[in-house]
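As C-alpha cells, here come the structures.
What follows is subunit A paired twice: with subunit B in the first complex and subunit C in the second.
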Partner chain A sequence: MATAQVAATAPPATHAGRFSPSMRGWFARIGVLAGLFALLMWVTAVVPGYWADRISLAVIFAIIGISLNIVLGYVGQVSLGHHGFVGIAAFVAAYYVTEQAGCTPETGCTITAFSTGMVVAAASGALAAGLLGIVALRIKGLYLALITLSYGFVAETSIFEIPSLTRAGSGMPAARPTAFDSDTEFAFLTFAFLALVIYLDWRLIRSKVGRAILSLKHSEPVASSYGINVTAFKILAFVMSGLFAGIGGGLYAFRLENVVANDFQFTSSLLWVLMVVVGGLGNRTGVIIGSAFFAVFPFLVELIPGAEHFFNDTLSRNISYLPILIGPALAIITIIQFPGGIAEQISPITRWLRGERFSLHPEGHGSHSKKDTRKAMLAKLGLDKNGEGEATEAPTEEIKQDSEPVVQGQPEEPHGSAGHDDTKEGVS
Partner chain B sequence: MTAVLEVKNTGIRFGGLVALDDVNVSVPEWEIVGLIGPNGAGKTTLFNCIMGAYTPNTGQVFYRGRDISLLPTHRRTALGIGRTFQNIGLIRGLTVVENYMVAQHSRINYGSLSGILGSPRVLAEERKLRANAMEVLDFIGLAHLANSHLDGLPYGTLKLIEVGSVLATDPELLLLDEPSSGMGPDEAHEFGERLLELRKTLNLTVLMIEHHVPLVVGVCDYVYVLNFGKLLTEGKPNDVRRHPEVIAAYLGGEVDHEGTQEAAGVTA
Partner chain C sequence: MRTAIVVAVLAAFIGVVLFLGADDPSGPNASVVIGLVTGAAYGLVAIGLVLVYKGARVFNFAQGEFGTLAAFIVFVLLEQVTSPTIPYWAAALIAVFSVTLIGIGMERVVVRPLMNAPRVTLLVATIAFALLAIGVEIMLFLPEAKSLPRVIEAVNEAGQPVGPEVFGYSIEPQLLLIVAVLLALAAILGWFFSKTDLGLAILATSQDSFATRVVGIGVERTSRFIWGAAAFLGAVAGILYIPPSLPLAPGIMTAGVLIASFTAAVVGGMTSLPGAFVGGIAVGLIQSLSQWASGAWEIGGKTIDTIVPGAPNVAVFIVLLLVLLIRPQGLLGSEA
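Moving on to the complex of A and B:
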C-alpha cells in the first residue's frame, strides 16, 4: 500500500540532464552495429569451409562463455565442472538423434529431430547444473570450486564411460540436419543459437531475475529481506547456466558430428574459466569476444609462417594446446593490470554504441579523484555486476551535477511541498 | 483489536548461550515501539527471529493474528514486514535506484519465466518499477543520488537510503535496527521528525532498536527493555528511562536510586 500512496502523492521523477544522441547520432550507431554484423556474416559466408567450422567453434565457445559467466560473474562462484554439463548435453543430443530419431551420417537429420535433440540437450544441461545449484545452497567459494571440479571428473569417469550413451572409444555420431549440412550453413545455425542465448541472458539480467541473482551475490540476508527467495533464485541461476551450457554442448555435438569423451576434459573447463576472466567478468560483450578469441587463437597463430612447424616439430606439441598455455598468462595480466578484462578495454566503443558520448576516459572526466578510481576499480573487478550499464550511468550523473548544480537542489523543493500535502491528507 | 506484531514466549539459544529467553513483545497498529538494551542484550537477535533469519527454539511470532513462525524471510517481506540492518542493509554492487528496484521484488507483477523470455508487459512493469523507485527517492529527498554507487556515500546518508529501500518493499510494519547510528544529534532529531511524518503518510507501524535516548523519548509510544536475553521492563519511554534497573543495566552498576538523573544523562 505504501508505495501506491507514495506514487499518488510524490511528483513524478524526471531524468533531465542525461545525454541523449541526436537522430543522426543514433543512425551512426545503428549503422556501425549493422556494419559489424554484416561484416561478420559476410566473412562467415565467403571463408572456406574449414574456417567456417572454426567460426562455429568460436560461436559455441561464446555460448559456453555466457553460460559460465552466469555462475562466475553474476552468482560469483567458480565452476570448474562445466565440461561435465557441456559433455552430458553433447552426448544426450547425439544419443537422441542417433538412437531415438534414427539419424545416420548418410541420411542426415530432419530439422524436427535436430530441434528435439537441442531441446533435450539444453534440458539435460539445465538438470545437471540444477543439481549442482542445490549443492551450492550450502557450499560456497573454494569448497564449491572443489565440488564442481569433482563433479566434472565424476561426469568424465562415469557418465562419459557409459557404452550405450557414448559408444565408448568410437564415439556417438550426431548427424547434422540436412539443411545445415555444410560447415558454412552450420556456422549460420550456431549464430542463430548465439542470438537466442544473448537475448535470454539480456532479459535475465534486465529483469527481476537478474537483479535478484546479483543481490544474492552481495548479501543473502539483505536479498531475502527485500523479498527474494534465496533458494529458488540460486538454483535458477545454475539452471540457466546449465541451460546455456546444454545449448553449447548440443551444438558442439553437431559440429563434431561424432562425439567422443576425449573432447570434454578438465582442460576445457579451465580454458573456459580463463576466457571468461580475460573477457571481463559479468560483461556479456567482453565474454563473447574473449571466448571467440580463445577459440580461434591457435588457428590464427597457425597462419604465421613457420609457426605450425615450430609447434609440431620443434616442440612436438599440438598447436591446439596454445590457448591453455597463454590463457593463465593473460588471466594474470588481466587480474593485476586490467581487472575489467577485454570488456573494459573496449568500453569506450560499447558505451558509445549504447548511446553515450564518446569518451576514452569515461570514469574520470578530468578530475580523477581517488573515490572515482576506486569506484571504477570495483566496477571492473566485477563487484558491480550489472556491468557497463552502471559504470556508464555514474559518470553521466557526475557531468550533470558538475554542469548544473541547480539540479541538486531541485528535488528538495517538490518533496517538501508533497510532504505537507501528504500530512494534510493523512490527517483529514 | 489484535496487534500488528506479537512475539510470544520467544526463546533461542546458540549452543550454551541463551540469546533470548521467553520474550513477549506486542506492537499495536500505528504505534512506534522502541526496543532498547545494552550491547549483546539480544535486540538484533529478536529482529532476526521476527524476520525468520533465525528459527527460535520456543515461542511464536504472529503478524496480524497469523502465526508466521514457519514462513521463510521472503514470505514475511511479502506480507508487509520491512527490516533495516544494523550495518547498512543495502546491495553494495548496485546503484541506489537499482537497490530500490530490487526491494520491490515481491510486488513485481510478472513471473521469473516471462522475465527471462521478455514481453511488452515485462518492459512496462520494469518502467513502473523504476518510476516507483524514483518516487520513493523523491519522497525521502535523495532523488539526486539515484544513479550513485553506494561506495563513498556518508554513513548517515546510507542509513537514510536504507530506510528508503525498506519503504520500497511497501511495508506496513517497519523494523528499524539502530536507524540513527552514525548520525549527529541534529540529524537524529530530524530523522525522528521524518519518522513521525512517515508514519502519518504511509500508515506505518514501527518497531525500532535505538540507543539514542532523546530519539526514543521523542518518537516512541512504548518501550521494551531487553537485558541478557530477558525482558527487563516495558512502559512509556519516560517511565522506562527512570527505571532503576534500566539504568543499572546500561551502566553495569548496582541499582542506585540516587543517581538516576545523572545516569540517564550519561546514556543520552
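Moving on to the complex of A and C:
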C-alpha cells in the first residue's frame, strides 16, 4: 500500500483509500497518549491534597457521565433519576462498611471490606436501575424522563430518609481503606475504577449486544424487525448504566467519608444530563472530558486571580453557585450551535490518535458543511436552481452522516451560496 | 361524554369521602379540601404543560421555573423597589408580562432552532433552560428562602390564614382564587382551541407541522404563541401558589410542583385541557390522602404503623407508573 508510507504530518492525499500511519506516526501517537497520561498522573501526585480531592470528584463525575451516556447517548432516552441510583449506591456502600464490616473513621477499612462495599454498591445501583427499567422501559416515547424524575424524588424523600440506612441528618460514615487514606492516594484509586469502567463500556459497545443497543437510538421498529428484542436490550443498557452509577456512587461515599442525603438532589441529575450533552452524546472521550470539566470548573475559576474576590465580595455572590449558571448556558449553546459537543471540537485530535490523518474535517475529505451537503443532495436530484453544482464531488457517505459536521473556524465555509434560506432544513 | 363521566366520578368520590368523614376531626375531611386546592394549582401548571405538548410534542421542564421567576420578580418589585412603592397588582402584572416575554424569548432562542431536531434534544434543551433559570435565581436572589406576600392578605392575629369555611375546614382566600382562576382559564382555553382560528391552527400544527405549513399557516407564529401562553400560565400559577404554600426559593416550582403537574397531565391524557384540570385535582387528592394515610393507626386496639417517609411522592410515582403502563392515553386523552 502506497498510503502506508505517508507520514502522519504529510498533507492529505487526494485519492481515496485507507490511510495508515507509518511506524514514526504510530510512535508519535503513542508518545502523545503516554505523555498526556503521565502528565495527568504527575499532576495528581504533586498537587496539594484538596486539589487531589477535586480530581477524584472529576473522576467520579466522569464515571457518572459514562453511566448516563449509555442511556442518553447510546439508547437515546433521558434519565433524570441518576442521583437516585448514585445516592442509593453511596448509602449502601457506607452502610456495608460501617454497619456490616465494622469500619470506623478511626481504624479505617480493610481492602477486603472496601472491595466488598464497592461490589455491593455497584450491584445495588444495577438492581435499582434494573427494577425501574423492567417496569418503566415498556413505556414508549419520552415518558421515561418523567418516570425517572419521579423516581428520583421518591429516592430523595423516601429512600434517603430511612433512618437505619442513612442515619437521617448526621449521615452515614464511610471510612476509606487504610492504604488509600490520603486524598492523593484515593484519587489514584478512583483512576483505577475509571479505567475499569472505560474498559467495560468499551467492551460492551464493541460487542454484538452493544451494536444491538446502538441500533435502538436510530429506529426501534427497524431494530425489532432485525430480531432485536427492544425492551430487553433497553433494560440491559439501563442495568449497565445503573452498575456504573453504582460504582460512581460507592466512590462518592468513600470520597466524602460521611454520606448525607443532601448530596444527592435532583438538580445534580439535571446537571449530569447537561454535562453529557456538552461532552458529546455517545462519545466516551468527549463525555469524560465534559464531565470532568463540570466537576472542576468552579475550582478552576478560583484560580483566576481576583475572580473569587470579585464574586464573593464585589458581587457578594457565592462563587460555588457559578456552575449551575454556566453549565446550562454551555448546554444550550452546545445543543443549538455545536450538537457534537466537546467530542466534535476535539475530533481532529482524537481521530489522529486513533491512527487517521490529522485533518480539521471529518473523514479528511476537505470542506463539507451543512450547506455543502445540501447542495450535493440538490445537485444529485437535479434541483440546484442556481446551477452551482460544483459540490457534486462530495462523496455520498457524507450525506448519510447523522451528525452535523460542525467545525469551528472552518476556513472553506462557503458563504456565497446565496438564495437558500435553509435555517429550517437539514437539522436532523 | 367521557369528560362528564370522569368529572362525575371524581365529584362523587369527593362527596362520599366528605360525607363519611363529616363529624370526624381526624378523618380525611381536611385532607380532601387541601387536596382539592393543591390539585387546582397542579392543574394550572399542567394546562401549560399540555399546551406545549399539544404544540411542540415535548415535555416542557421549564414550566415550573416560569412560576418561580414570576414570583421572584414580584418579590423584587415589592421589597426592593421602595420609591415609588409599587402596588401588588402592578407588580404582579409586570411579572406576568415579563415572564411571558421570557417564554417568547425562549421560543426564539432555544425552541425555534430545534424545531426539526429529535424530541429528546428539545427535551434536554428545556431542562437546560430550567436549570439556567434556577442558576439566575440563585445568582440574583441568593439561595435563602424568602416569603412572598399573598394577593389577598387574610391572616388573623396569630398569623394563621383565615378564610371561608369549606366543609368545616378553613381555606384561605388565595387558595380559592387558584380554583377560580383555574376554572376560568380552562374554560377560556377550551373555547380558544375549539372556536378560534389560532387555536385550530395550533392543533393542526401539532398533528402535522409540514402539512400545516403547506396550507399557509405560519408555524413560527403558532409556536411563539404556544410558548408565550405557557409562560403566562406558569407565571400566574407561581404568583398564586407560592405565597400560601411554598417558601420562595430558587427552583421551588420545579422541585415542589413540576413532577406532580406532569403526573396530572399524564393522568389527564397529556393532550387534553379538561384532562389536565381533572388530573390535577386527582393528583392533589391522592397526595393529600396518602399523606393522611401515612401514620400510626389504632384499629381494634392494635397500633398499625403505616408511616412512609415522603408518602405523597411515592403515591405520585406509583400513579404515574400505573397510568403509563395500563392506560397511556390517560383518562381523557386522544390523539389530537
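Everything that follows uses one rule, which is that the second predicted complex is superposed on the first by the 335 of 428 C-alpha atoms of A that agree within 3 Å, B and C clash if a C-alpha of one lies under 4 Å from a C-alpha of the other, contacts with A are read in each partner's own complex, and residues count from 1 in each chain.
Criterion: a residue touches a chain if its C-beta (ideal position, glycine included) is under 8 Å from a C-beta of that chain, and two chains touch if they have at least 3 such contacts.
Nothing here was measured: the structure is a model prediction, and the numbers come from that model.
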First, second, both or neither for A:Gln77, with subunit B first and subunit C second: second
Contacts of A:Val135 with subunit B and subunit C, given as first, second, both or neither: second
Partner chain(s) touched by A:Ser224 [first = subunit B, second = subunit C, both, neither]: first
Partner chain in contact with A:Arg211 - subunit B first, subunit C second, else both or neither: first
Comparing the two partners subunit B and subunit C, which touches a greater set of residues in subunit A: B
First (subunit B), second (subunit C), both or neither touched by A:Leu200: first
Partner chain(s) touched by A:Thr157 [first = subunit B, second = subunit C, both, neither]: second
Contact residues of subunit A, present in both the subunit B and the subunit C interface: 423, 425, 427
Complex interface listing, subunit B residues touching subunit A: 51, 53, 72-74, 77-78, 82-83, 85, 89-95, 98, 101-108, 110, 112, 115-118, 122, 126, 131-132, 134-144, 146-149, 151-152, 165-172, 197, 200-204
Complex contacts: residues of subunit C adjacent to subunit A: 58-59, 109-110, 113-121, 123-125, 127-132, 134-136, 138-139, 142-143, 251, 254-255, 259, 262-263, 266, 308-311, 313-314, 316-317, 320-321, 324-325, 328
Interfacial residue positions of subunit A with respect to subunit B in the complex: 1-7, 9-13, 199-200, 203-204, 206-209, 211-212, 214-215, 217-219, 221-230, 233, 236, 240, 371, 374-375, 378-379, 383-386, 390, 393-394, 396-397, 401, 407-408, 410-412, 414-416, 418-419, 422-423, 425-427
Residue ranges of subunit A in contact with subunit C within the complex: 72, 76-78, 80, 135-136, 138-140, 142-143, 145-147, 149-151, 153-154, 156-158, 161-162, 266-267, 270-271, 273-274, 277, 317, 321-322, 324-329, 331-332, 335-336, 339, 423-425, 427-428
